[in-house]
Amino acid sequence: MAIAASPGVQVTKPVAAPPAPRTQSSFGRLTRRPETGALAGTVLVFVIFTVLGGSNFISIGGVASWLNVAAELAIIALPVGLLMIAGELDLSVGSVLAASSMTMAIVSGTYGAPMIVGIVAALAVGAAAGFINGLIVSRTNVPSFVVTLGMNFGLAGITLGLSRLITGTTNVPLDPGPFFKGLFGSLIGGQFEVAIFWALGVALLIVWLLQMTPFGNWVFAIGGDKESARATGIPVTRVKISLFMMSALGASLVGIIQTCLYNGAQTSTGQSFVFNSIIAAVIGGVLLTGGYGSVPGIILGTLTFAIVSQGIYTTSLSSDWASFILGALLLAAVLMNNTFRKLALSSGVRAPKIKKA
Amino acid sequence: MAIAASPGVQVTKPVAAPPAPRTQSSFGRLTRRPETGALAGTVLVFVIFTVLGGSNFISIGGVASWLNVAAELAIIALPVGLLMIAGELDLSVGSVLAASSMTMAIVSGTYGAPMIVGIVAALAVGAAAGFINGLIVSRTNVPSFVVTLGMNFGLAGITLGLSRLITGTTNVPLDPGPFFKGLFGSLIGGQFEVAIFWALGVALLIVWLLQMTPFGNWVFAIGGDKESARATGIPVTRVKISLFMMSALGASLVGIIQTCLYNGAQTSTGQSFVFNSIIAAVIGGVLLTGGYGSVPGIILGTLTFAIVSQGIYTTSLSSDWASFILGALLLAAVLMNNTFRKLALSSGVRAPKIKKA
Amino acid sequence: MAEPLLKLTNVGKSYAGTDALADITLQVEPGKVLCLLGDNGAGKSTLIKILSGFHTPTTGTVEIDGQPVVFHSPRDASANGIATVHQYGGTFPLMTVGRSFFVGVEPTKGWGPFKRFDKATANEISVRELKGLGITRINDGNRLVGGMSGGERQSLAIARAVYFGAKLLILDEPTAALGVKEASHVLRIIMQARRKGIAVVFVTHNVLHAMTVGDNFAVLIHGRLADSFAKGERTREEITDLMAGGEAMAELEAEIAQYEQDA
Amino acid sequence: MAEPLLKLTNVGKSYAGTDALADITLQVEPGKVLCLLGDNGAGKSTLIKILSGFHTPTTGTVEIDGQPVVFHSPRDASANGIATVHQYGGTFPLMTVGRSFFVGVEPTKGWGPFKRFDKATANEISVRELKGLGITRINDGNRLVGGMSGGERQSLAIARAVYFGAKLLILDEPTAALGVKEASHVLRIIMQARRKGIAVVFVTHNVLHAMTVGDNFAVLIHGRLADSFAKGERTREEITDLMAGGEAMAELEAEIAQYEQDA
Amino acid sequence: ALTACSPQNGGGSASSTGGTSASNVNLVVIGGASDDVFFSTVKRGIDDAAKVPEASGAKVTYLALKNYDNLGPDVAQLITNALGMKPSAIAVPDWVPTAEDPAIQSVIAAGIPVIIYNAGTWDQASKLGAMTYIGTDEYLAGKAAGEALGKAGSKNASCVNTVPGSTNLEDRCSGVKDGIAETGGTSSELALPATSFGNATAVTQAIKSNLQQNTSIDAVITVGGSDSEAAFAALTQANSTAKFITFGNSTTVDARIQAGTQLAFIDQQPYAQGFYSVSALWQYVAYGLELPTKPILTGPAVITKDNVAAVISGSAAGVR
């Protein structure tokens, strides 16, 4: 390929990024952690809505409202963020969610198979979609943006076509029964989705993967410089396929959760997760160009996003302006994130340069 | 570990000649142009739908149907592609289109100002949005993905909120009058939108900018390596702001065209252009990471996309599967593009590859 | 002594967590070559990034022709007649040789609205200038920079800076990736520039190269100016030891010689 | 003569439009250092990319220990005991020194499902190995590679390849970005490896370095093997001329000397 | 319009279409996105009705929008596509009259019979020269819902719209407002941003917050087809006793109405819209049959506990 710079000639530019920790006070050390910027963004929007929404926003119901949204988003955004650290995008999570959810509803609802069979089938759909994404991306030179977008269209089409063929409708009800309802779709205290625990589980899993295992190191390396990573003998293909499978499985899990929560599945669900998961990761400090990001950052990103998109309903502002406020606050949160990071890093030093998309 | 062929297989060695660029046939040179891959993709989908859609697809009406779609898409995809070559994304074109279109309808329809005033106002909205995008992206370290996405939400919100406030509705009619109808919204031969000529004009403008002017060189340089570009003294900020303004103005122009064509404006139009313009550029060979792309490529990309998305309607396939076919063909077109490019580039190699065991 | 073209007073620079440079005072005169020497990580590139407007110093002042200046961007520096070849970068992998050579200073032909980038001229000049540096394999300005060897790319960046001329030419390890012939060409070019009255700042790890072209020498050790002297004031051994961060190199060389004998 | 570890027969490689290498036949023996010399663009890096599995040759065969092999990826090469330091790259700007050092061969602690990346060990070893190469400013394994100087990064890549050992160590211009001290350390390391019976392929533009460590020499000119000889078979001047692509360097050196006198 | 083809020209004067052999007949129906719950049911009607013409060798082609992101222009484009297929007759919803009407007029001008279905009005259809209008009036449907809420004693309704700006959903909400006003109540629209569309949890939590923020809300109505489960979950989580009405139904909706936890759903009978459109086109094109009753309204029907029993079997079969 003449287009891509060959590994030998690629110029290694020093990329200044979050800095060298030197021995300093623990507060100093805290301000230097890259997540601090993301935290600043979360705090900003939290404060704004506490002021605007008052007791509605910080009541149990108010907190549950953004926490629930954040939890489901995090289950997808965390593995998507991992994939982004490795330098790839996944735009197929929307259709994977819908496909998994419909699979479960059809297998266990329409055909009446035991719930566990439906769940395994749903996860299998996710695993397969992720595997195919990963395989095509690794084997060809096609950017993952296009491959997963193709998958998003294609899988949506298959889901719709098959659902109509099999059930004649796009809307399949399912009674998950008490056990699975409790496991995936119950509300703790009538307010907090059990998805919050699933999100915590996923977060722990991904923290462990990213920080504790060789695999995590490979993810950073692949995102940092794919050719150099290849040169060190990392099984790049295998790592990428695993990552695509993880993000697809995250989407499947949310599909299962929503199916249990709302007692059925619709073919048209899920597409908003495509962009939202990427936005959350970027707000959380994951570089779109790969090579950098952290789990706490992504979690803060999902919280910021959830607060911004849900907070307005706890205020007395007209919902006509919801979209405007969402846009403005997203930007403000990211700017805050950046500014804070700059401030924290510049003990008399210039801003770090982070490569942009 | 594969074992190499036995020494006997050892083949015609390259005749040692100083590797001067070989004087090659003009066909050889053609196959080396990167657009050839994009052309292969376009030809592929064209052939498929000629076979499947038959006379419907290649009738005047059939051709007009994808040519019209391609023309409007190209007006946005070309400047968006330029921006992508410079390493930035613009996800705000959807709202810019809607905002421009509503501005025009409200100014010249609701308030009855002369059409030209409405058009200027619409373009001003586009220019302002692009300017703000460019300014924020250049002045802060926030990736354009987030900035323009924030703009997309924010501007959509303002458009909705203000329209409701001013007109009380989200749907404003406008009679453009014969002159402006003719200029922007007429159908030539009752079939071909005058937008096709606008698209040609935009294409010529952008070819000229990219290939003929120093500005074009700067765009490639900024996308190739922003820091090095800065080091050479290129006014990076000014270039980026211009580029964001161009993509926004492209969206405004399509807004004006659609308003004249369809005699009015709606707040909810335009969002499909956000992704479609990026997809078209990527199919046309523009690198998502910046630094590479061409106008003929982008045009072929928009044609491929338009053929795939409209072609299905000329066939007798069930529309349930439209989405699936879209996804599969997009992927096929890009794969074709890649494979062809690889083939074309390696055909120059004189010695055949050694056989692998 | 000539009026200095460039004068640094107590310049320092810290990156978050590290002081890369402290308290640097030195000057460069027109028609002279200042060799900047020092170990890896001594702060040479940092100093050069300050001179070329990439970084603003944390402390201290920079004067040009006696006027204090603050460069906010590389543009400011080039506007002041400073041309820099950085240690890495400066070329664009996905652009053609001709385009990459002329980035920012594109030649045009035609006039008024018909003024356009003159590709033929750009290709011709870039190939010619590369030849002048001894790079003969690149004979088509349409080749992509990404497909050139490391030394070829380095030569392109040098050819570019030299071609467009400047009052002050800064070269950060220009000869590191170059073959013996190309390196000699670069040294020749430095000498030519010097003769034209251009001031040159030259970073190198090669003692021979430094001694061949240098008029003045400044040695950085751990971010501080450890020594500065004019040509002939130090022996080769002394210079070598200074370049090694002040450590005596004799021992290490003896060890290597030992291995050689074992062979 | 020892059984060759690596043997190339008539190897050639063309990029679209260019023959970068043609008809290369050479061999590397255990415990010997093969210096690969040649002008910029001569094809040295291309040859090394073939040896390290980055490219498959267009023509010819590669044998290891007498067995023909085809490397489909760098993994295949490392599985065959080949460790390579490429001309650029090999480190990860956004990773810490400790993590970057151990990419692909991460140390773990704990067992079973509790096995986890051992950061402390990684940081400690990487800092220690850098010290061994003379890099003393990097004393915290948590520092980001992107914030290191050019030479520090190069040292990290070398330290890495050496630390993990191999039958065949390939170094593409490892000393180019290094200071005199660090370069000497690398030469010492090459000698140590050689003594352990490791075969080394060493690319350099520095005649002195080449003559210090080389046992055998192969000179590429325009992608072809122009000469190959053992230590002592050529004079320094002959080698210099060969490295300059076969051109006599005396003239160029005289020209530079002329400038020097003018000064 | 050509008088010979104009359906207003009189009941059965279909002589111009005589002579058409069934195997050449191609009926084109343009409709909403296939993953839209409502249009999924419309399509069932179309598919079922198509069995008759297909048995005679005729063809029925359904052209679906891919999404509603660029509604007016996209439908106009589809109409042009349809015209390119040389259809015998076309059925199309008139969602955005300003955008679509020129295209519809050009179809009619080409002598091709047109039925406006699903969206539009008989006034509009007859002005264009279409044969008839089959469907409902979104505003009237909304109004019926508002009236039902008023009758049940609600004073302050929240009209949940997950696609703000979309003409038909806006019409429903303004209908609700006028309907409830008759009994002195008010209604406000709850507009959700695009980032929530298709995410039941985001919709749920937004409605819940709104209920908690504005405690005077005593009625919730969802105008989008896929938001009913989310809205109901919100009511539960907010411990709200607000009256609840949805547009469109499912087996779960039916069950809730039976159990009394949901007041009603507004039935537009989408199946009937598709079915009668195809039937009417086919009968006219093939045999010149045309019913003098115009328009054919398929709704709105308000399905409450009293009449829900009748719809349950249909819901289970996916035709409601």
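The first chain written gets the first letter, and so on, giving A, B, C, D and E; residue counts start at 1 in each chain.
The rule is short, and it goes like this: contacts are C-beta pairs under 8 Å (C-beta built on N, C-alpha and C of every residue); 3 or more make two chains touch, one makes a residue touch a chain.
Small disclaimer: the values here were computed from a predicted structure and weren't measured.
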Study note, to complete from the structure: Separation of chain D from chain E in touching-chain steps, minimised, is 2
Review point. More contacting C-beta pairs: B-C or B-E?
Key: B-E
Study note, to complete from the structure: At the largest C-alpha centroid distance from chain B we find chain D
Study note, to complete from the structure: In terms of CA centroids, furthest away from chain C sits chain E
**Study point:** Rounded Å distance, chain C centre to chain E centre (Cα mean)
**Key:** 72
Revision key, fill the gap. Chain A to chain E, mean C-alpha position gap in Å, rounds to 35
Review point. Roughly how far is chain A from chain B, going centre to centre by Cα mean, in whole Å?
Key: 28
Review point. What whole-number Å value describes the gap between the mean CA coordinates of chain C and chain D?
Key: 25
Practice item. Indicate the residues of chain D shared as contacts by at least two other chains. Key: 15-16, 18, 45, 79, 87-88, 143, 147-150, 222
Review point. Counting only residues that touch at least 2 other chains, which ones in chain E make the list?
Key: 34, 164, 191, 193-195
Revision key, fill the gap. Residues of chain A that touch at least two other chains are 2-3, 8-13, 16, 19-22, 156, 160, 164, 275, 320, 322-323, 326
Point to revise | Residue ranges of chain D touching chain C (in the complex, touch as defined) | key: 15, 18, 38-42, 45, 87-88, 134-138, 143, 147-152, 155, 173, 176-185, 187-188, 191-192, 194-195, 205-207, 212-213, 215, 222, 240, 243-245, 247, 249, 252-253, 255-256, 259-260, 262-263
Check your understanding: Can you list the chain A residues touching chain D in their complex?
Key -> 2, 7-22, 208, 211-214, 216-218, 220-221, 223-225, 227-235, 287, 291-292
Check your understanding: Can you list the chain C residues touching chain B in their complex?
Key -> 52, 54, 73-75, 78-79, 84, 86, 89-95, 99-100, 102-106, 108, 115-117, 137, 139-140, 143
Point to revise | chain A contact footprint on chain E (complex, rising order) | key: 33-37, 40-41, 43-44, 164, 189-202, 204-210, 212-214, 226, 229-230, 233, 236-239, 250-252, 317-318
Study note, to complete from the structure: Given the complex, residues on chain B that touch chain A span 34, 87-89, 136-137, 140-147, 149-158, 160-161, 164, 225-227, 275, 278-279, 282-283, 287-289, 292, 318, 320-328, 330-331, 334-335, 338, 341-342, 345
